[in-house]
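What follows is chain A paired twice: with chain B in the first complex and chain C in the second.
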Partner chain A sequence: MKRALSMGLAAIMIAISVSGCGGGGKTTSPESQAVTENSQGAGESQTEGNQAEEAADSNMAEELKVAVIGEPATLDVHMTSAFITQEIGYHILEGLYTIDADYNTVPMLAQDTTVSDDNTHYTIKLRQGVKFHNGKEMTSEDVEASLKRWVEKTSYGAILGKILDKIEVTDSYTVELYLTEPSVVVTTLLAFPNQQGGIYPKESIDAAGEKGIPEEYIIGTGPYKFSEHKPDQYVKLEKFEEYCAREEEPSGHGGRKTANFQQLTFVPVSEDAVRKDGVSTGEYHFGEQISTDMYDLVEMDPNSEPVVIKPWWWPMMVLNKKEGVFADVKARQALLACLDMEECMKAAFGNELFYRIDCSAMFQEQPLYSEGGKEMYNQHDIEKAKALLAETDYNGEPVVWYTTKDYPYMYKIAVVASQQMKDAGFNVDVQVVDWATITQVRNDPSAYNIFSGATTFTPDPGVLPHLDGTWPGWWENEEKDQMIVELNAEADPEKRQKIWDEFQEKWMWGDVPFIKMGDYFLLSTRSKNLKNFDEGPFTFFWNCYLEK
Partner chain B sequence: MGAYILKRLLQLIPTMLIPSVIVFMLIFFSPGDPASLMLGPDATVEQIAELRTQMGYDQPVAVQMGKWFSNLLKGDLGESIFLNQPVTQAIGEHLGVTMALTIFAMVIAASIGVTLGILSAVNRGKLLDQAAMVFSVFGVSIPEFWLALNLILVFAVYHQIFPIGGYVPFFKDPAGCIHSLFLPAVSLGITQAAFIARMVRSSVLEILDQDYVRTAMAKGVLYRKVVMKHVMKNAMVPTVTVVGMTFSVLLGGAIAIEMVFNLPGIGRLLMNAVLRRDYPLIQGIVLFIAASYIVINLLVDLIYMYIDPRIEY
Partner chain C sequence: MVHLKKMFLKRKSALIGLILVTAIVSAALGAGLLTRFTPDEMNVANRLLAPSSQHLMGTDEFGRDLFSRVLYGARNSLTVAFFIVVAAVGMGLIFGLIAGYYTKADSIIMRIMDGLMAFPGIVLAIAMMGAMGPSMANVIVALGIVYTPRVARVVRSFILTVRESQYIEAARSMGAMDIRILFCHILPNCFSPIVVQASFIFSYAILGEAALSFLGVGVPATLPSWGNILSEGRVYMQIAPWLTVFPGLSIMVTVLGLNMLGDGLRDFLDPRMKK
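And now, the complex of A and B:
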């Protein structure tokens, strides 16, 4: 006998009635209502949503201009985890699942999912009547082709790929996934917006070259369709008139999506001062990622208002465990012991609105938040660090730390933390390079001891990329890997929490493969006329509207 | 003269070859690679290595350089890694903005610079001269981007007379183009004007001390006529040199100004290409800049002949 998938999916999906385009359907069971209400609580209220739709009819600007930080390397969401590509991409493409306002996995193109008792067999029923931007109906053939490519091309896909036996198409609207070992994070992997398993028509997958899918084949089922890309000038999307929305109330990326703009324009603007001033003068309506120093200026501005994206990411020091001083766990523990996170985070982010001292790999706002290993975080115990370091073979050789001013917070953390390390007896050599250099150097185990990094918002600890032994820093440990396998195979939320608490304490803070410095939040700016905007970590522009 | 022009054009080949080789080597040996940037922060080592192989960046430098030069001989500068279009097309699309900005900035720089230089020289030591030189020192000293940010603050944010950035193509809307480029052109023009003013002043002062100027004055020719007819004509040679040099520099891309005003010109294209390690594009732009320097220098040399008939080639 099969049971329905956990993680918030079951209640919604069991009750879902198939209703062609729009799928989704009304929730009828008490359980499903409970989930829906919960989602509403954290997201936009139904009243606000209705107001948005009413306003959309009468008082809506036709174009929204978004000042983004740079030019996307590609618009193909399977090719890169770069945020700018994903951000544009999730307006065009949709996956089988997505995340709601509470960061739970909810269905998007999937209609119904059943999972075998041993968590090794997923049967995914697709919504019927969902159209691609080219007018073709989405079927399991498209899903199969897209999933196979996603598994091959993306880091999250690769996590699934390791345990994926085969993908089978049963009929036009049913796809089955067979796994070699149990996993409960399959839908989470497929839902994550930053490495989205976007579903393209099969023709797009067939047209893909070495640098990805050509722009004329960037076709999805999303509320906006790709219109025009002028490199370094803009990416334009158009409203997709035949969009098949779900019927559930909007919640985060889940539920009903309404495109309230005829045109959505993403303009690369490299200077954050220009993004801020552009919103203030009405040139743009949303300016993403501006310096947190600008918070007061935006707040005082009569035309714009600050958007604090919370939670966002966490900065970290990634330690090279393959070669050099940090191959020895004692040296890693010595490093951890000497660090004063408050001092580092304050130097990096200044205003307390934008950082939080917290040891958990999952944010407080997410499921699986954990205080495991709390006592090892933010110790600032120089004497303990010196004692631990004395137990190692370290003889004062330079500890090479690659950091960058491209992300000023990384550099500022390196400046403060390296001083604390010197106090503990490390001979730190901070190398300041551009980000492109770090992305290459970090793959060479002989080149460095530490590199600055940051962890993007992640939906589940079981899919954190840097827990993998092949990721730069090379955390190779079978016992740790086994525990991740256990975590990903456990469906019971309480048991999962217990496993993760233990993992965080024993491995993340005990083995010190990397050091999380704290949480940080992002400042963006938006026009005061932009209404019904959702301030989640994956900024999107459906359901919101712009008053004229 | 035909032979001279041909000779100068032939000089293009080694002159362009040298910077190309140097830049190729610099790029090859500097860290960072497009595959890592393209795949994003969460990519695994294997994925990056696979893409590097597919793109051919794992091959030895000699092989890559040989391939690039053989394509160059066929007139093919390759394809931009990130823009997914031929390098020549990318340069062509971005050249219009830089051309418009350069011409606009040069009009401002030359008119202010030459006028101020002459006025300053003929009023040597007087208040006007001192004021002009204060302006020159100010213009030469302040960074362009600082001036640009302040102009944005005053004229785009506080008073909203001009847009904060962006570009309207000239052939689509000439007035809109001038409006959109006004602040960047002024930012560039002011600093270049200061430079030109100093050069013109010293050239005019030097010529004012010449015997033929004294003779003309002694003959009773009007001072204004002496300055405009005798002094200026002779002072034009160094002035044209400075203007030509400035033009070359601006055509190569006013990187800071294009970044601040978000103008999709050659400067921003080059900056982004470097940050993205878009090797073919960097090579193509360097080649273009080298070529534009040579062609503009040639034009300046030809203009000398027109200004001063004593110059022959």
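And now, the complex of A and C:
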């Protein structure tokens, strides 16, 4: 009798926890339908997914050590676009939406989304029963507080902020966004992993100071929770036992997330050779971003495997348009004219497997790929550069370029490009600092003329953060802003392509706010026994496991 | 001069040291004549080429000629080291003279020197460079301060032994001012230990500059120096070992030569060693 009673209680508890975690009811959003269709259509992949989970269960490891490229300046994902912060943040925080393996927007904390016919009113139903790491249930109050801060602090948020009329909370699980003008990229903005619209509990938002949210308040709903940060030594995350996973099959950042490690440790290792050797010797299980010159060595190594991600990012020079020599568009055009992209990219990436000379802001593999402004890219015309520079007020004052060896390609591009600039008459002063310093310095218009940067894989040109006038470099121009508004309001793919072609030619290459150097593909290295690892451009460590 | 010649003939290691140092300095000064390439001349198509008749030491990741970079790097490294010696000897001499001659100043100056020496030199230099930022002038200041106590201690201890000498007493009784006694009577007698110290500090300075540049806090990364070349080359140690071997050898040969020369000078200038 006792046994029957306890079994009954257990069954009731399981039922409660499942219904609470799942949010109850079927999702009706088109995005989640797409995911379901994808996963059902790929019956084999579902079987593979189940096999992977079974294998993971039998190979549960205590710790996964990841050698990252440097020290995160903060763990608050709203405060910086720095890749290291974002990557750690993927595991701690979740947004309302995210992207799947095919870069489609899919819901994460959102359950269902309704959009008005004129694309100005979004009603977002939240999943119910989702718990934060502090044990509190996520409600619309937390979402409202987080979104308001995200809009205020991040460049993706600022893009939404420009057209956001108000955020309203209808009930504990419903949030409504009212826009001042139509937009088709709202969920894309909220989904994109870089500068993610991560949802914190309201208490964390209230505790935020000038330097961001204190580390003890870095709380999210993700499969791992923040445990410990020893600067320059490690950031440790612990498995969140009460994590409420979605039910859909895993796909990219979307779907079901399973934490297969008790602990995730991110170790800052500034030297890529050390990251590579560390994986080879078993010190780390994953070494991110190593020199592409090491491809053959990794391939020959019996303990590690190369991880090639194509497409990945594109490196760029961001010009300070608020102060200094590059406030003058002629000087920016002079700089563009003198550059030999092939030389820069070859020096930076060596192996031709890892770079591509291409002027398009969107990769060839994406929609809205464009050749607009092709003739202005990769000119290497020193005489033209000299002539354009002569038309400016430039008198040989130092052109300060902040770059970093934390991302070796940025430094190498700076070395080669600065030589080409010198040939054209620029007096270049290359300052090599750590990445955290660049993320601070780039906000001070009096401190620099150029900083090295890179653009992550972006799902839509309408959400490219550096097109916004508030982003460092300060591209303030109402005409181009209007064109972006048009692009983001246009739902017809053909019309969008036309608008973007024109924008890329006239503004991206004509006004030269930043200079794309080319496409590049990433080489990382992983331990051979790290299985079910997703090689997408936003590295994460849920669902993967270590084979014993 | 004849004595010096005899010393070099008698002490073969000092002669080898002199030859090595002279060769390195000459190569640095004549870099423009010895190589066809400038140190910043890039040819990305020729990146990471192994040593050949075209590129004696191979090429780096930007296709720059490594032989040229090592020679021009020697200029920067030797120039920085030379001025570190000038700074350390200059400051050490002044502090040593004052501390050795004036008893009251001695306790204050030497406690400061002890304080500086309490830190490992390279750690202190890194801290200073972190605060001041990477530049050649800052390397000279930082390492100059780090090596000053070495000179000050040697000078002070020497002055302590000579300040009570009869010829100093005689000068004082004739009414000579302290400054005259210090610079005209005591300083010339300190020459030998200072020269010996300077030769050792030169070799320490080369190592110190290379270490700071290797760590990214020394000579700006865009200028060639042995430390910078080593730092950039270490990433390619497995696929292009020449990028680390040649600058490493240059540092080793120079420091070895300076130490051998310093040992010889010390033996030659120390009267006790002559016996």
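The rule is short, and it goes like this: the second predicted complex is superposed on the first by the 361 of 548 C-alpha atoms of A that agree within 3 Å, B and C clash if a C-alpha of one lies under 4 Å from a C-alpha of the other, contacts with A are read in each partner's own complex, and residues count from 1 in each chain.
In the analysis below, a residue touches a chain if its C-beta (ideal position, glycine included) is under 8 Å from a C-beta of that chain, and two chains touch if they have at least 3 such contacts.
This structure is a prediction, so every number in the text was calculated from the model and none was measured.
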After the superposition on A, what does A:Glu71 contact: first (chain B), second (chain C), both or neither? first
Applying the touch criterion given at the start, work out whether A:Asp117 contacts chain B, chain C, both or neither, answering first, second, both or neither. neither
Using the superposition on chain A described above, determine whether A:Glu283 touches chain B (first), chain C (second), both, or neither. first
Which partner, once the models are overlaid, touches more of chain A's residues, chain C or chain B? B
Looking at A:Tyr411, would you say it contacts chain B, chain C, both, or neither? Reply first, second, both or neither. second
May I ask you to decide whether A:Ala273 touches chain B, chain C, both, or neither, giving the answer as first, second, both or neither? both
Would you mind listing the overlap between the chain B footprint and the chain C footprint on chain A? 271, 273
Mind listing the chain A positions that touch chain B in their complex? 70-71, 73-74, 79-83, 85, 153, 155-156, 158, 195, 210-211, 214-215, 230-233, 267-271, 273-274, 277-278, 280-281, 283, 433-437, 439-441, 443, 453-454, 456, 465, 468, 470-472
Contacting residues of chain A [partner chain C, same complex]: 271-273, 291, 293-294, 296-297, 342-343, 346-347, 350, 405, 408, 411-412, 415-416, 418-419, 430, 432
Looking at the complex, which residues from chain B come into contact with chain A? 30-33, 36-48, 51, 54-55, 80-85, 90, 93-94, 149, 152-153, 156-157, 160, 163-166, 259-262, 264, 268-269, 272, 275-277
Could you pull out which chain C residues touch chain A in their complex? 40, 42, 44-45, 47-48, 61-63, 134, 216, 220-222, 234-239
